[in-house]
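Each structure below appears as structure tokens.
Two complexes are shown next, each including chain A; its partner changes from chain B in the first to chain C in the second.
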Partner chain A sequence: MNAIYQALADIVDAEHVSDRPEELYIYSFDLGTAEPHRPDYVVAPRTTGQVREIVRLANREKVPVVPLGGGLSLAGLAVPLKGGILIDLKRMDRILEVNEKGRYAVLECGVSQGQLTSYLAAHHPGLTHSEPGAPPAATVAGNALIHGQGDLAQPYGFNSDQVNGLEVVLPTGEVCRFGSCAIGASWFTNHPLPDVGLFFGWCGTTGLITKLSIRLYPAKRIRGVGQFVVEDEELVPEIIGRVTGTQMAEDVIAYSRAIPPFGLGLQHFTVNIAANSEKELEFKQELIWDDALGEYIRRGDGGYLGFTRGLEHPQISKTSDYKKGGGFEYVGSIMPIEKYPECYRRGREISERHDIPYTVTGRCVGVGHSMMFAWTYAFNRADPETMRQAREALHETDDLVLELGGVIWKPGTYGQQLILGRLDPGTRALMRRIKEVLDPGGIMNPGNWEGI
Partner chain B sequence: MYALQFDETRCLHCESQDCLAKCQYIHIGKDGKQPGEMVRIARGEDSFVLHECVTCYACEEYCPMGNHPFYLIVERQEALRISPVPRPLVTRAVNLGIPFRGEPAVKEINGPLLNMAAFSELTHLIQGRLFEDLPVISTDGRKMFHYFCQLMYLHYARSSVIKERLPGIIATIERHKPTEVVCFHDECYGTYASYCPAVGIDVPFTPVHFYEYLYDRLTELKELIKPVGIKVAYQRPCSSRLSPDKHRFVGKIFRLIGAEEVKREFVDENALCCGGTIQGQGREGSRKRAAELQRKNVEDMKKAGAEVCVFNCPACLQTLGGMVAREGIRPVHMSDLCRFAIGETPAGWEVTR
Partner chain C sequence: MMPLDTYEFNDVIHRCFRCGYCKFPTNWMDVNNCPPYARFRMESYSCGGRLWLTRAWLNETLEWSEHLAEILYSCTTCRNCEVKCPLSFNVDIVNMVVAARSEMIERGKVPPAVRRFLENIDLHGNPYGSARSRRDSWMQGTDIERYEGQEYLYYVGCTGSYDTRAQRSARALATLLGKAGASFGVLGNHENCDGNEVHKLGEAGLFEMLAQDNIERFKALGAKKIVTLSPHAYNAMKNLYPLYGGDFQVFHYTELLYELFKEGKLDVSNGFDARLTYHDPCFLGRWNDGYETPRRLLAAVPSLRLAEMEKSRDAALCCGGGAGNFEIDLLGGGDSSPARRRVRHAAETGATVLAVACPKCLVMLEDALKAEELEEKLAVRDIAEILTEAGGIR
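Let's look at the complex of A and B:
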């Protein structure tokens, strides 16, 4: 029997390691357009100790290691570009602590967004977290590590901004902790110790997160979505400014799409509002719709579409049935909000040129500090030609992001190389040194941030 | 091509001017507002009515002369470019009715049928013995806009869209070879029974009001009815104003199934709009005005002791359903209440009789 396989089986157990082709196939691709690559082994550890042993084994054997959470990035970030050991972290799914007074939760890295949402609803209904638009199977840790954004991004920022502490297995096998937990205190804050932000945005190339603490927020009794619409995309930045300026909203999203046709060419807004009473709800609604946006309504430029109680998490995956075959991928960017009109126009033009119904979405991050703007492209998984069209559109959009002065979010390898081509030389040199120090064997998710 | 038949001389001979005098939303008599505006509107002149109309349809019912004041208001709003709602809502609404997922599969029925129109996703409301043996068309949500009566564009001052699209919709229904078309939504019934004759569009089938069908079917199944013994309030939809002669079936159905209609202020001719349209209008305070109307309406139901609010229109149910439920009044569609009366358990109900 293969020595690496046997060593992995000794670390976890034979039930949780595989080199069978049918299982390796499952782990060879994600749901986007990235070319598939098979790992040599798949292993599913249960503890930090097991992760540490797997990484040490990989170092000894000079075998790549690819960490996998929900596998839903769509950008190919967990596709094992150079084979090796794929570590599926979904079994590390314990919610270790929820602190009601301190409003934080300590989670293992395999805890999914849906798991945390339902756990909080059942056991801590007064608390919530910033849940992203990804499917519920996306992991909390994975989303934080790619600088994801959830439905509380408008008031509280990126999900990576909401991390109180980490436990990390370094590429050389050491286990480190960051934040207050590093000095043996509870996991309540990431500050004020020296900043060693070495793991967020690195696409799993500098270490493997095994635990994290995230901030939780008050869950108000009433949560719902109000909708607004304008025709002129040039109005979107100022409308976002007015809504966020009230500081009365949770999530604020602007979007436009070709399907269904009633939205074609229109700019819709969804504004999440939360309240503990009808009085609070009406107060917030009045400030947003009547005071901040009433002028647009009276001028005939903007329309109020009503308020619906209950949250429906926006899911870009709804676009996957635009073409037969159910495929879709998107380019996300972190973009100044004033770029919305150009992002919309240029993105629509790219979509139409590639015969793909356009879908663009801008989610406000921070109180108008930036937005995550996404261009989504549908394709037919069974039709290589539509996949090629989508891949071309995605690459054009990566270029567009940088041209417009944005930053590509969770870039795939193509986008990573575009960023490296523009990166400040001093920054690039520092990143190279960090990578060399942390991962001297170059085993962590190779192919990503290649040639740094 | 199609023109509204409106006889101005009937307004000149009208003593009551009820169309505006009874309006619940424009306060005739205050601020120098007089009820005789309809003649000015008929002559193409501007009027405060064109700017203040909330498009509740009620003047169609109030008119004692058989004229069509509301259709006229909408035509003039469009001609004078006085939009009751902001432009993006008009664009959105006009786009909404455009079919985009291919052609419907048409099966010839050669008999009565039930048209779900733009409510294909509500087929759970047409289950059980009340609907057995009645063929149904427009059950595919992807194709439902081929059956969409278009009359909602009255709320958007777009008679032209209705006139442009409606003949094609009628042609699609006609391809099913119906004799009678039971209209799930009474706005469809109002379209075929009221609007089409008013503007000269031919309707080659006999429209049947949903409540008339329910009443007749309940009568056939009378031996199955067990009085429901529930106190009910009824949310009358705007489109019911286009067929006031069919509104009597509400009371007839309630009496037949043993539901007690509570005594309310806002009932029958004095019914209040659900507020769904008003909240989106472009005037100062429309959202708050709609919310206030809704509050008054639901308080009236509660004060009258209603246990259940019965809805006809799915849009009203969507707008007001949650609000009545929060006040402890169960929102129910009329067809579900009728099913309950004959011993069936509608979808989503947990019933102990």
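Let's look at the complex of A and C:
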């Protein structure tokens, strides 16, 4: 029997280790267009101790380690580009603590978005978290680690900004903690100790997060979505500015898409509003639709399409089933909001050139401080040509993001190299030193941020 | 020709995005509602993983192996995925699995336990390999009548006929029906397997033979109304037999008992003094929308306090016994088996009785109770047994 396989089985148990073709096949894929790469082993640990032992083993044997959460990041970020041990972290799925007064939750890294939403609804209905529109199987940790954004991004920003503390297994196998929990206090804040935030945006190349604390927020009794539409894309940045200026919204999204055809060329907005009473709701609606946007309605530039009570939690994305194709991928970017019109126009051009109906979306992050702008390309998984087209469009879009002055969000390897090519040399050198210190064997998710 | 070309769902199977909605129950509380995924927690065993692997095998990217076959046959056809998948092909997920199993059977490539299961049914009319002549052992010493044109044909099924634990529920039902004055009879040794599991295992040819054999026998005897102990038989007879000309009125026993109760013929006045939780069988619930009748029956019993599990109705976790797995047992062993998870759910409600309405669930969950060492706290009882007690029948 293979020594590494046996060692993994000794650390976890034989049922949660595999080097069989079926597991190696299924874990070689991302959901998007990334080329598959097979791991050599798949292991699903249950505890931090087991993760630590696996990482130590990988160091001894000099084999790569690839952390996997929900595997839904859609950019090939957890595809084992250089083989090695793929660690499926979803068995580490305990919600360890919810602190009502301090409004935070301590979670193991495999806790899914759906699980946390459901748990809060059942046991702490007065609290909520900023849930991304990703499928509910996405992990809270995986999302924070890639600087995800959820449905409270407008008031509270990126999900990575809402982390109160981490437990990390370093690439050399040591376990350490960050935030107030590092001095034995509760997991209530990430500040004010010296900043060693070395794990966000690194795609697991600097360490493996085993626990995290995230902030929770008041869940208002009434939540719903208001819709607004304009034709002129040039109006979008100022409309976002006005809505965010009221500080009355929880989530502000602008989007445009070719399907259904009557929406072609129109810019739609969804504005989530929450309230504890009808009076509060009415007041907020008035501030947004009348005071902030009334002028557009009066001028005939925009239309209010109504307010629907209730939020779909978790949301359902059906984009993958466009033309019964089974797949899509998007380029996400963090952009200044003023770039919306250009993002829309140029994205639409790329889509049309590749014969893919366009879908673009901009979610406001912070009070107008930036937006996550995404260009989505559907493909047919059974037709390699459409996958090639989508891949090309994605690469063109990565280039576009940088050209427009944005930053590619959760870049795949292509985007990572584009970024490295532009990175300030001093920053790049520091990143290289950090990587060398933390991961001297270069075992963590290799292929990502390669050649720093 | 590539196998994918002959596969019935070759223009559908690539549509699975592998987004994982199908792992959840309706309330999203965990990712453990697809039984094989809950058992092994490897993506290969998830619903999406199974579809992707099937496609890889069919388009010859992946070779057949016994492990692959086990992954395919570990699906209990519980239909949780169909409830949760947001895409329009969701109605065909189980059909895709069953069709892929048919492809494996056609190539003679199935796990040994599946082969044995099917051979036993072919040879002996039951999956256990017991003699046909022992099929009526469940009714030895009783005065249950043979079917001779009574109003209802009581179809007991393989588990109720052969499994010693399930036999008790089969007898309890007969006793209840008798007490309520229902006119019914059974087939004894002339009963044959209903074929529901055979169908779900992808053996379409054998299923057709069983269905035709049963339909002919029922018709020859003049049966018009059939009442089944098992929701599996109920499903086959209600939804599949009509395709072969078997147009009977088919009832799950809880439906008939509820009718008898409404007519004042079923006495439950002795009550049943317990806090009780109810496990929805997949072939009654998700397959046939039979969520309310068993609950109404239980609600009719004085002193009985019903406490729902967090996962109930269309969110119920399958016991792991579907599609032959009560015998093939690809999901057994270990504390993450669906049956053991399920009895823990039941214990969490504080109930002292876990009620079931299916002989397969009964056996699966009672075994799990022992493995979990919960027998002191909880007892698994079939609704028929509970009602017997509520009716003061010993």
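By definition in this document, the second predicted complex is superposed on the first by the 445 of 452 C-alpha atoms of A that agree within 3 Å, B and C clash if a C-alpha of one lies under 4 Å from a C-alpha of the other, contacts with A are read in each partner's own complex, and residues count from 1 in each chain.
Here is the rule we go by: a contact is a pair of C-beta atoms (placed from the backbone, for glycine too) under 8 Å apart; a residue touches a chain by one contact, two chains touch by 3 or more.
Every value quoted in this text rests on a predicted model; they were computed, and no experiment measured them.
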Clash or fit (per the criteria above) of chain B with chain C on chain A: fit
Touching partner for A:44 - first (chain B), second (chain C), both, neither: second
Partner chain(s) touched by A:301 [first = chain B, second = chain C, both, neither]: first
Partner chain in contact with A:202 - chain B first, chain C second, else both or neither: neither
Which of chain B and chain C A:375 touches, first, second, both or neither: neither
Winner by number of chain A residues touched, once chain B and chain C are compared: C
Partner chain in contact with A:266 - chain B first, chain C second, else both or neither: first
Partner chain in contact with A:330 - chain B first, chain C second, else both or neither: neither
Partner chain in contact with A:409 - chain B first, chain C second, else both or neither: neither
Superposed model, angle subtended at chain A by chain C and chain B (C-alpha, nearest 10 degrees): 70
Distance of closest approach, chain C and chain B, by C-alpha atoms in Å: 9
Common interface positions of chain A, toward chain B and toward chain C: none
Complex contacts: residues of chain A adjacent to chain B: 229-231, 259-266, 282, 285-286, 289-290, 294, 296-306, 309
Chain C - residues contacting chain A, complex: 11-12, 14-21, 23-24, 27-31, 40-44, 49, 52-53, 56, 61-63, 65, 67-68, 71, 86-89, 310, 334
Complex contact set, residues of chain A against chain C: 15-16, 18, 20-23, 25-27, 29, 31, 42, 44, 70-72, 88, 90-91, 93, 112, 114-115, 117-119, 122, 135-137, 313-314, 316-318, 320-321, 324-327, 380-382
Contacting residues of chain B [partner chain A, same complex]: 83, 85-89, 91-93, 95-96, 98, 100, 276, 279-280, 282-288, 291, 319, 322
